[in-house]
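In the two assemblies presented below, chain A is common to both, partnered first by chain B and then by chain C.
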Partner chain A sequence: MLKLIQVEFLKLRRRKFIWLMLLAALFMPLAAVFYFASVKGTGVEPIEFYKWTAFSYTPWIILPVVLGMLCTMLMYNENQYDMLKQLWIVPVNKMAYFFSKFAVVLVYSVCFMLITAAASILTGVLPGYIAFDSGSVLYLLRKCMEISLLTAFAVLPILAAAAAQKGYILPVCLTLVYTFLGFILLMVNMYLHPLSSMTAIVMRDIPGVVITQPLNIPGAFLCIGVWGVASVLLAGAALKKRK
Partner chain B sequence: MSDFVIETKKLTKIYGEQTAVSSVDIHVKPGRIYGLLGRNGAGKTTIMKMILGLTPITSGEVDVFGQNIKGHEKRIYPRIGAIIETPGFYPNLTGTENLEIFAKLRGTPRPNAVKNALEVVGLPYRDKKLFSKYSLGMKQRLGIANAILHDPELLILDEPTNGLDPIGIAEVRNFIKDLSVDRGKTILISSHILSEIALLADDIGIIDHGVLLEESSMEDLEKKNRKYIQLQVSDVPKASLILERQFHVTDYAVQDEHSLRLYDTALDMAAINKALVVQDVAVISSQICNDTLEDYFKQITGGEGIA
Partner chain C sequence: MELLLWAERRKLRRSKILWIAGFATVMVALIVFAQGQFTFYESRYIDGAGWFMTAAQSLATFYVLPAVIALLGSYMICREEQEDTLKSLRLIPVDEVKLTLSKMVLALVFSVLIYLLLFAITFLVEAVLHFEALSIGLVLENLKTYLLDGIGVFLAISPIIALVARMKKGYWLALVFAEIYSFAGLFASMSSQLKTVYPMTAVFNISGYYDANMVQVFIGIIVLLACAALALFILKGLNRKAK
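Up next is the complex of A and B:
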């Protein structure tokens, strides 16, 4: 399995777009620079600043879309170049293959959120909007790790859909629908959609965040778990058929 | 233990209502090159895919190294190298990087496996050219390099000379032959190019419309396609009588009312011609002929020839 994961990273050599997508991690921190310059000014509470840069649209929209694209690209490449039969006769176990792709998504998600965290600190401290405070930095890092790990699990359905499809159009469309559905369902029922459930878990202890629905952390984990297991089963069945 | 490296029994593949492969029994012996010959769409690739477990079998059985591949993949696949259809690789990587990935996945223990495999097929090691920039011939060579990377006992090569130039074809043919002769590899190779199979194979299976029409060794096939004297005469019954009585010829065949085939090419044709003419049998022509593999292919497929 470790060998497969190493190979997955070797395959990403010279795939510029995958690495360029990491720039999306800078979007909210850079947007915050302009927002705080014009609206809030300096001397802001660090958590207040990080809520803007790392705990809002990044986990709700940006990271799921980026990870969805990544899932599609990881699966589509081998389909497009008719490589699967070469892999199966190595032999590569089909489920190990799927989990190795997931490992890439997981690592990528962690890197993405670490970049977001680093950018949040830099864009907050350097212009003087927030004071450097190790406690809040550790809190930011912990939250970013939570977001990255949970979002990676929450996009398992997209990875499974990409594994079941030869093309990329459906998984890309699914990424957009899935992400925005998760965002919309946040306000309806947080425990139906893995991305809404992820938000419920992440937001549980962020000061100043008011969750209108009753907080049910086990329910949120259950939602992510059920969708995750269903996705793994779907991917297993799809890859079994795939030659 | 089976005497064959690959043995199929009544192998059948049906797609919807179309039978792609019908009750095929092929027998690939150890250390030999088995050529699967057939036109495009005859079912060669489907047979190879079924042997490799890449497509489900509708009915029948496949044994590889005496075992059913299903359930024994981990034991059998490392002993096989294969190219099925046009080999695909990662376009963003170089040939060396692509092979390094497969070497890593296979856990190839030999330190210079990638370098050696590339040398065998004549591709440069550590070249900076990406796979996406490779010509069709280079892609095919890389596919072959990947198939031999882990030094497998059995090679399954689906049209490996596709896209190669004439020199490349000759090179690949030579090294396939070397793999069999020098290193004792068993090779199952498919082609629609009859001359390729004729030059390479020790055994041959002729497939047409999913049916294996003939399976035999090249030696036997050559015996069947032996030389003969084609004799065209005005009166075949009378000519036959003269041949039998005067020249004691028994190994001949009557083709039609004006032609005969004499299978002993050492006969004194001058004397035969003279005897026939003297006894009022006009000799229209007499010539030494040789049935080619293509003639034979035409004959058994009942249709057009092959490239």
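Up next is the complex of A and C:
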């Protein structure tokens, strides 16, 4: 298993696009700079600033879309060059293959949020919007870890859909619709969709966030778990069926 | 040119992408419908006449449809390279600029069709829910908004499709660019100057979703034409590179 994961990372080495996608992590911190420059001015509460840079649209939209894209690319890679047959001949266990892809998604998600965290601190401290203090930085890092780990699990359905498909178009459109659905369901019912459940878990102790629905953390974990297990089973079945 | 258009249409007949794009559109309508169940001051959003039609077009334009249209366009262009049919086409010989241009025209048609599909769905739902509350003026106004959205969104993302045609194999890039580009419109709409010149929000100025004066509409048209000109300029370099 460890060897498979290592091989997966070696495959990524030369794919420039995967690295380019990390730049999307800088989007919200930069947007925050423009926003605070025109609206608020200096001397902002650090948490208030981080809420803009790291806890809003990044986990709601940007991170899921980027991860969904990554899932599709990882799965499409083998199909495109017809390598899958050779992998089955080796033989590579089909579930181990799936989980090694998931490990890449997990690590990528953590890297992405770490970049977001670093960029938030830099864009906040350098122009002097916020003061640098260890308490808020640790809080930011803890939250970013939570977001990255939970989101990686929440995009498991997309990874499964990509594994079940030969093309890339359906998984990609699914990513867009899935993310959008998660974002809209935030306001309707948080405990139906893994992404909105992830937001419920992350938002539980951010000061100043008003949640209209009663907070149900076990329910949110249950939702992510059920969707995750269902997609692993689906991916297993689909990969077994495919020659 | 007519022959090329006819050929493009025939090529799409068996491809699944149109179904998938249609599926994405239907899903968007469903998701916005779910959001309409949300109650605000004792009344559901969906009960307001015209709410569904207005909300669906703005949310779809910010989050989903530009990326889907960009995917559609770039898929049509990249498949020739990917499925190795480009060589045979060059032998005929087919002018590559004209070929790409006919693909772009088809993408424009599909962009309008996708928006009309969304309009048809939202209109039917509104008619089923409260037919007597709808006035002809309201419906025609929305139809105009959707039509102009379809044309405008295509013009706004045409440089991205052209860029992808230039780079080949880079359809991932088209998707991410288009998604971030349309999503950034949310932030651009916060400032009134930026709102006028940012292509994605200029589309709204023209289509009548935002209240805009004549000058803003005029600037919007110029911005979109500039986008189209940029796309043509990028395409013009295509043939030189191919040799």
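In this text, the second predicted complex is superposed on the first by the 243 of 243 C-alpha atoms of A that agree within 3 Å, B and C clash if a C-alpha of one lies under 4 Å from a C-alpha of the other, contacts with A are read in each partner's own complex, and residues count from 1 in each chain.
Following the convention adopted for this analysis, a residue touches a chain if its C-beta (ideal position, glycine included) is under 8 Å from a C-beta of that chain, and two chains touch if they have at least 3 such contacts.
What you see is a predicted model, and the numbers here were worked out from it, not measured in a lab.
Once the two complexes are laid over each other on the shared chain, residue contacts for A:Phe221 go to neither chain B nor chain C. Judged by the touch definition given at the top, the superposed model places A:Lys11 against chain B, while chain C stays out of reach. In the superposition on chain A, A:Met21 makes contact with chain C only, not with chain B. Within the superposed three-chain model, A:Tyr139 lies out of touch with both chain B and chain C [touch as defined at top].
When the two complexes are overlaid on their common chain A, residue A:Ile169 makes contact with chain C while staying clear of chain B.
Of the two partner chains, chain C is the only one that A:Ile61 touches; chain B does not reach it. Chain A is touched at more residues by one of its partners, and among chain B and chain C that partner is C. Of the two partner chains placed by the overlay, only chain C lies in contact with A:Phe180; chain B stays clear of it. In the superposed model, A:Tyr35 makes contact with chain C only, not with chain B. Of all residues in chain A, those touching chain C in their complex are 17, 20-21, 24, 27, 31, 34-35, 38, 57, 61-62, 65-66, 69, 73, 167, 169-170, 172-173, 176-177, 179-181, 183-185, 187-188. Taken together, the chain A residues at the contact with chain B in this complex read 3-4, 6-7, 10-11, 13-15, 77-78, 81-83, 85-92, 243.
The touching residues of chain B, counted against chain A in their complex, run 49, 52-55, 73-74, 77, 80, 82, 84-93, 97, 100-102, 104-107, 130, 146.
Those residues of chain C that touch chain A in the complex are listed here as 16-17, 20-21, 23-24, 27-28, 31-32, 34-35, 37-38, 59, 63-64, 67-68, 71, 75, 170, 172-173, 175-176, 179-180, 183-184, 187, 190-191.
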